[in-house]
Amino acid sequence: MIRFCDDYSEGCHEEILKLLQKTSRTQSDTYGLDSYTKHSEDRIRELIKSDSAVHFLIGGTQANLILISSVLRPYQAVLSADTGHIAVHETGAIEGTGHKVISIPSCNGKIRPDQVLEAFHKHYSDPTAEHMPQPAMLYISHPTEVGTLYSLEELKALYQLCHEFHAVLYVDGARLGCALTSPYTDITLEDLGRYTDAFTIGGTKMGAMFGEAMVINQPSLNHDFRYMIKHHGGLLAKGRLLGIQFEALLNNNLYFELGKHANNMAFQLAKGIQSAGYSFRYPVQSNQIFPIFPAPLLESMRDQFVWSSDTPMEDGMICIRLCTSWATPQENVDLFLSNVKKQKD
Amino acid sequence: MIRFCDDYSEGCHEEILKLLQKTSRTQSDTYGLDSYTKHSEDRIRELIKSDSAVHFLIGGTQANLILISSVLRPYQAVLSADTGHIAVHETGAIEGTGHKVISIPSCNGKIRPDQVLEAFHKHYSDPTAEHMPQPAMLYISHPTEVGTLYSLEELKALYQLCHEFHAVLYVDGARLGCALTSPYTDITLEDLGRYTDAFTIGGTKMGAMFGEAMVINQPSLNHDFRYMIKHHGGLLAKGRLLGIQFEALLNNNLYFELGKHANNMAFQLAKGIQSAGYSFRYPVQSNQIFPIFPAPLLESMRDQFVWSSDTPMEDGMICIRLCTSWATPQENVDLFLSNVKKQKD
Amino acid sequence: MIRFCDDYSEGCHEEILKLLQKTSRTQSDTYGLDSYTKHSEDRIRELIKSDSAVHFLIGGTQANLILISSVLRPYQAVLSADTGHIAVHETGAIEGTGHKVISIPSCNGKIRPDQVLEAFHKHYSDPTAEHMPQPAMLYISHPTEVGTLYSLEELKALYQLCHEFHAVLYVDGARLGCALTSPYTDITLEDLGRYTDAFTIGGTKMGAMFGEAMVINQPSLNHDFRYMIKHHGGLLAKGRLLGIQFEALLNNNLYFELGKHANNMAFQLAKGIQSAGYSFRYPVQSNQIFPIFPAPLLESMRDQFVWSSDTPMEDGMICIRLCTSWATPQENVDLFLSNVKKQKD
Amino acid sequence: MIRFCDDYSEGCHEEILKLLQKTSRTQSDTYGLDSYTKHSEDRIRELIKSDSAVHFLIGGTQANLILISSVLRPYQAVLSADTGHIAVHETGAIEGTGHKVISIPSCNGKIRPDQVLEAFHKHYSDPTAEHMPQPAMLYISHPTEVGTLYSLEELKALYQLCHEFHAVLYVDGARLGCALTSPYTDITLEDLGRYTDAFTIGGTKMGAMFGEAMVINQPSLNHDFRYMIKHHGGLLAKGRLLGIQFEALLNNNLYFELGKHANNMAFQLAKGIQSAGYSFRYPVQSNQIFPIFPAPLLESMRDQFVWSSDTPMEDGMICIRLCTSWATPQENVDLFLSNVKKQKD
């Protein structure tokens, strides 16, 4: 079976294993206080051109719940697109830390500044505001859950709005490598250092075994952050593993090469699918694409390929999600497309 | 610097890296539903000779907080030795899930059945019991935080007591490999499957990169446990990493060999220290030992060795903690002992 | 200023003060273990004709958060109409106990059985259900937040559905006296004892100083419930105050008389408003009504009356909420209507 | 039966009922925004001679959990005497909000500044401090759980220490009226406004039906505090009930008269008991006293009196707790003493 259902079906990139092997018997400090980790922290600051704080966390849900529960006071809530990972796919992890996730209807996985403005207005103009959770944070993902991307203008507008209402802008960059190498956005890593309060540079879905770099641009949000990590069971004893993985990823542009590869595989798929006459539910902008196929075509391919999110559309068509990755081989893409075309003929 | 301050200063055992490398480009199911993980789950059940449920978690604090918060209702508390990891070294992670850790004064890191009986009695005989957190779980570690071990008789007594009071017995086995291969306890892996409700088989401190196997013997406690893991951000996307690591550790008795090695290194240290005329704060039973040295001796060694937990004792003596591991080389032990003896002479 | 903005602007009914005065210097047991409270518990069981458990709590938000957090396991969620009190007006109190409130779009403040079925289906048919909070409870209010009422047939259908999916049905009866005396529903108190797992009989909005009776029909949900109350700071030291208030309310049908009065005042308002040619946003069924007026009419009355929830509608009309209560005097209703009619002329 | 087991066995003082009756049919704003409440807030500020913020809460456990969880960040803990109410008698309410209560061994219910200093030192001097909950608050009660009182010098020392370590000093004044009128302390109400960050003026145990005034001296701690109250279900719909009760209590010095009465009743008991030859476990300083009696004497009185906390002492003696109140009649004291003396003879 060929998996196009996620970007974490493989182990990790070889450069990571190589560096792990090379360093394995060397003793180091623990819990992320080692020199490998410090090196990777510095490297990230260098790339962002800022003196932001950097922490390495194990996974995305954990990163989200630690950051969000660190920022918010007990009665505060976080705004999210209704398709956002924290709103849908974290088994109530954010609520588990005591905070409401206020869902905003999304368009192509994104939320517009005017929607955010309305949410703030609705709260602060209500004379009984105290009876409602206070929106004090905006969570967006870039790329979004449906592979779309924000523009720099949008990012700046959201950032400015948040600050106007004393709220924090946090960007979940689980697939940031794909965003940063996509032609469909002008947001750079430096921009994320400048126009967000915190963001993550995802490793898990970008070729690492696991790991997300949490970058905290606003110094006050970094206060005692390591206590927060430990409090939630997220301080890895052998923290070096995170530092080493990011060292390997950030060497020789590897992180960006992997992102570019995942995008290219997706763009090839999209081009082939389109030229076979099929359309897409969402704009194709990174490594997740959502083609709409006739049910019989999908049936014919189900014994060879795995994808996700079958969603019935009009006229018996079905939208699916195809996800490519740093590890997707060219032949898998070719095979998928030849199947699509064969059926078409 | 030679580190005797913990058992997680190195990367991981070579067999693990080898298996990770071998499998790295193979696609698999995710979130622990892959065949590597299933294989390791089966292997553990085989070793315990039971049909217990097995889940692989990333770290010890996370394992503790997920299990404890899954078992307890909101008003319930967990009993622990005052030296227990959950009582001291988890930054309030258990309280973070809403539950009080009730500390019981420990003797050599252990708590006696009569102390546990008293705690239950104290609660249930109080007419205002509803005004106090209800003790519904007992947490012990084996080996304890000071390296000591429970006997099978003690384990059985605690298990029976817990069940008498409708409480759950949970054993933290972060260093279980050292316990199971120590001559100072008669508790076997099968006993843990029989006389506990849940226990962990620690990987992080036993040669893995990270990972704890959570074994749940009582079926009712396993209900929806994967939801609990995800709720706390502990479901590793590439769950196979845990399955693969435990596969390597459980192959050819490796896990037990590594435990035995760590113990032997500690026992050699202890023997040399004793023959040099020094005594110990706690019985020497596994890979953590607590010798008491004169301050000047320690000063003379501080530029070459790292240890932890300097505790002033009577007469200017200082108790320290030395921790050996699966990776401790013989020469480090020899060097430490030669230093001790040199100073003595 | 005449207040039509809520049903808790006054102190409490005279019968309550009389009974408080009569008993004030008598000593009693505390924390709700007194004989007044036991008497009121029995009285409620008598009225419901069941042996349900009864607990008296101080307020509605507290009642909701204690019951819901007692029923749900950490990863579970409660379904609610998007207009439900727990979804909108409790400052994230339910999320504060760790649980997501899953909003269902409401029609006239109610949710239909098919919507609930869909929510359960959506969850349990998803292969990645573990990544989403598990819906394990349905919260409805009767009357709803917009004054509407469920029918017995609807209640039975929701109850059956919940049990099919191992979920709990909980009815918030903050204004239950108005529901039970309204001609627009056939649900009786006995029905609530039979077709819900738990429900409240509201006092605060029905003439008490404060207090909600929590009736728990399913015995397993009552286990250790008093611990839960204390854990959330809800066990009133002088618990007798709750027992005494409900004793007064349940004497001589007072509770029902007060509900009937509140309804009648609202129905008179509605009739007069309708005959003046204005319509309503929601069906008029209990003591909260939502007439739609021209803005100038409202402006002319704003210096004499207080109402709430001004909502702009089409054509410059504004919908407001008028709330009557056990204490609304006839002359206030007459005065309001004469103002409406005067403007009309 | 005559109850000496608590100070909340009666209803409330007549002045309160009178004022409730007088105001009962008057309409007012809700949720504590009414003029009665504002008046009482002002009155308290006047008495403290400060511009502190004042909020009225329903009960003591609720007041503690709301204040503490408002002040602390998720990884922070509160220090308390091991006999403190939050450490023993709140069913884990503080832990329920996510925070560890760090117990400090008490002497006569009090903790000394040197103990607090040690606790702070222990944390901040530990190189692995991040692995432990951070002590960021000190909770004391005045009077303590055993009726003893702090001196102004002690209060000042604790306050200074807390501020040195960026921690908050919070004083639980559930029985503050007894403290302020006892000859055994020089702490005044003004001192509490000056040398604490927050404190409560208890009503429930001082003659009110219920209610605690939370006084917040440090402005930053008051930020959005009403959101916190609502978030925990503590915002009383008819908030005026609290304002009115405190108005009655603070009129004509009533609050202080009631405290003085409770103390006097206890002091009379103590004097009589002492003159009968019995001693006390703790210094007699307010309305809770702890005489030590022979078991047979207690047996002979058990059918007439109720007390609490029977604690076996040496030589078959038993220590009990006697609690007087604002409502204790002189004849109850006389009767108790005559019984004690009769037995003695």
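Each chain carries a letter (A, B, C and D) given by its place in the written order, and its residues are counted from 1.
Convention: a residue touches a chain if its C-beta (ideal position, glycine included) is under 8 Å from a C-beta of that chain, and two chains touch if they have at least 3 such contacts.
Quantities reported herein were computed from a predicted structural model and do not represent experimental measurements.
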* Look at all chain centres (mean of CA atoms) and spot the one farthest from the centre of chain D. => A
* Between B-C and B-D, the pair joined by more C-beta contacts -> B-D
* Asked: CA centre of chain B versus CA centre of chain C: separation in Å?
  -> 50
* In angstrom, rounded to a whole number, how far apart do the mean CA points of chain A and chain B lie? -> 34
* So, what's the distance in Å between the C-alpha centres of chain D and chain B? -> 42
* Touching two or more other chains - residues of chain B -> 74-75, 90-92, 96-98, 130-131, 133-134, 227, 230-231, 235
* Given the complex with chain D, which residues does chain A contribute to the contact? -> 31, 69-70, 73-75, 97-98, 130-131, 133-134, 224, 226-228, 230-231, 235
* chain B - residues contacting chain A, complex -> 1-3, 6, 8-12, 14, 17, 20-21, 23-30, 58-66, 90-93, 96, 204-205, 209-210, 227, 230-238, 240-241, 327
* Structure fact -> Within the complex, chain C is touched by chain A residues 74-77, 88-92, 95-101, 103, 128, 130-134
